[in-house]
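Two complexes, one shared chain (chain A), two partners (chain B, chain C).
Our next item is the complex of A and B:
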């Protein structure tokens, strides 16, 4: 359960900044230099993680050219932080 | 505008209204079958002048009026003053103030800093652009479809061909001259705005109907000891307060990259040169100044030193590192069409074997033999490359024009071994594409693509692949490497473009069209 706003990552090159906020329905936004070519990849990836962890949140990603693994780690960590003490993992 | 598919499967227009008709690209040397010749003719425009005519003026309007420039005509500039150039802004502002419109702008290239050109294209002063590239605001304006007539992008050799064949007919050339005497003898090797070689400008001076030297440094007559462009090609000498910012013209020496990815890539590229068997006495070499390219030169130098090898010539855009190799005796000569940094600028005055060559001599495929066709090895950069080895140096990941073609396709076509170096991914985006957005150098002329993760050899060069394998080099199939990198980065989509709206075309060196650039959405 997402109970508060939380962030993970940074705006350093090759990283991304993920911000998670409580929301009634899942939504995500993606911005950065690679928006034109990686929008679909990132939407797929974020949705997959949110579904796996059964969370409902607004996920905002500012991408500075992060690799797949970086994006995953940042999204999962942001969700983890936003979930409070109980965590998001089953 | 009818679109035709060329031999690379790319759609190109058969005609650009307001520019002319075009043929689709066939193959790198298809033009040889056409057995082109032209009758001998005077190479220079005829324009007899009385003795002792005064060529010097400091009145820019008067100089322009005397040139006979009219709306719709073609003007040219060189880009030897790099980011410090003040000639293009000076002249375009004057032309705009005088109310000119519908001009064709045909510079050898546009410096990075010249965003203001976009405004003159929007205002209607310039309605056609022929260039080696378009970056910054100019690139964005073109890619956004703000400019009606598609831009024609050419390599340096292709531009030389186009000028000599008459596809580009220059009415007035405004040539920035770091040192110039009262009758128009010029050189780039002296003066506070010194830029080194004036190789691109030499061609414009020979073929423009009217030539105006623009200088901030009027020298005692006769200019000495070097003359890049002689007085008999020059109509007027225009005195300006400044032709450029010396700090931005004479940038510091280009340093060799310390980025480990670049260095690993350079090492791999050097190992491939070694395995090719081409690094022997009398070899020739061209290398760019950026990223991994210059680092390859450092490995080559060490190898030549250890093995007591002396090369014949270094070619191209010259960096300080190449001059160092000349001065330390690793090459007999440097053939210089364009100087990249400060350390090169006065080298031609100092070193008799540092030789200024013009753009046609450098890379024009239609003359009687250009130096690019004598080249053994060339190391070239890329924005991206596809599985057919086609290289893009022009459009970014977002589809927007942001680069310049330079001598890329000329040297790739001419060299015995053309090696493309680039990191396997940049900013999270893989360098190998299924299909590059814009073909600037056809894959048929590329022998290998080298990254920090391995060496991909064009299947057309089975001999090279065998040599590389025998030498134990990390040879990978380009599709395998693509998959390896995509496992890290994910698979990017192509940026969305409007294929009904061509905003630019990329011309091959021989005048045929390689590809179209479309409006971004």
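Our next item is the complex of A and C:
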């Protein structure tokens, strides 16, 4: 369960900064230089992870050109950090 | 010519990559190293241990590294991260984990036991993920052979030079006289146990001549590979391992003779008028395997 605001990643090139906040319903925002190309991919990816982990949160992603594999890792880490000691699925 | 007879692929260079740096991780293939060491330990700050572990897990699982041997350096058993690192990294099946600060056989058997549990729980064939034991204390050096034979999962002993200088209370010198005993001891223990032996890193990025000398020393002493902390070090290490042409010509002759002897059912072979026995033939095969990495496939390529 998401109980607090948390971040993962960075604004370095090829990375992304993911911010997760508690929310009543799932929502997501994206910013990045290649928004036209990567926004939908990133939305799909974040939704897939949030659904798999059954989390309800606002996820904000500042993309610095991250690969899918990096996005996945950063989203998961941010969710873990926001979940507290009990873990995301608790 | 028959294919590889040596059990292990050549691993001359092991390039350290900071585990929390996606831009480095995604360029691993371009750096040309035989092997990468994705680092969760010293290259990652305390507050980013979780992020690095997650990033490395995803990279090892999902990214195609081609022929590069992928290993992960986990945090030591004396840290709160050790078990979690293994639990999350083993299921993504790196070729090996490098276990730092192996002071005694118990450090290896502990890692072995945990990895076995994780392999069982994830339906991974037992023994899939190897251990590279990093020896970086005087106690570890003195127990190098006991460590080397402590687990069938062990594939290599590696020297951790930076911690060892601290433990010995000595300065790192350009010639490396302070590590002569440690290097010899690690190579001897590793070879006696049939393991690979990897040398420590050269830390001065501005002194390529120093790296060249140290890499040459590592080859001469018997290390099978050397760690690198920067992509610019890889080529210099590989150059140090380039087989000598004269030696290579002889290796080709030995291998041809050995193959002819096998076809004709002869047990003993002679090359250049001298008897050649089993270990020499094995060494010749190893040398030819190594030469392939330099684009030399057959004797004619040496012309």
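FYI, the second predicted complex is superposed on the first by the 88 of 90 C-alpha atoms of A that agree within 3 Å, B and C clash if a C-alpha of one lies under 4 Å from a C-alpha of the other, contacts with A are read in each partner's own complex, and residues count from 1 in each chain.
Just so it is clear, a contact is a pair of C-beta atoms (placed from the backbone, for glycine too) under 8 Å apart; a residue touches a chain by one contact, two chains touch by 3 or more.
It should be emphasised that the depicted structure is a prediction, and the values quoted were computed from it without experimental measurement.
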Partners on chain A (chain B, chain C) - clash or fit: fit
First, second, both or neither for A:17, with chain B first and chain C second: neither
Touched partner set for A:9, first chain B, second chain C, both or neither: second
Partner chain in contact with A:66 - chain B first, chain C second, else both or neither: both
Partner chain in contact with A:53 - chain B first, chain C second, else both or neither: neither
Partner chain in contact with A:45 - chain B first, chain C second, else both or neither: first
Partner chain(s) touched by A:36 [first = chain B, second = chain C, both, neither]: first
Chain C, chain A and chain B - angle at the middle CA centre, rounded to the nearest 10 degrees: 80
Partner chain(s) touched by A:88 [first = chain B, second = chain C, both, neither]: neither
Distance of closest approach, chain C and chain B, by C-alpha atoms in Å: 6
Shared chain A contacts, counted only where both chain B and chain C touch the same residue: 13-14, 66-69
Chain B partner contacts - residues on chain A that touch it in the complex: 13-14, 33-42, 45, 63-69
Complex interface listing, chain A residues touching chain C: 8-9, 12-15, 66-70, 72-74, 76-77, 80-81
Touch list for chain B against partner chain A, complex: 397-399, 426-429, 487-496
Contacting residues of chain C [partner chain A, same complex]: 21-23, 26, 50-51, 54-55, 57-59, 62-63
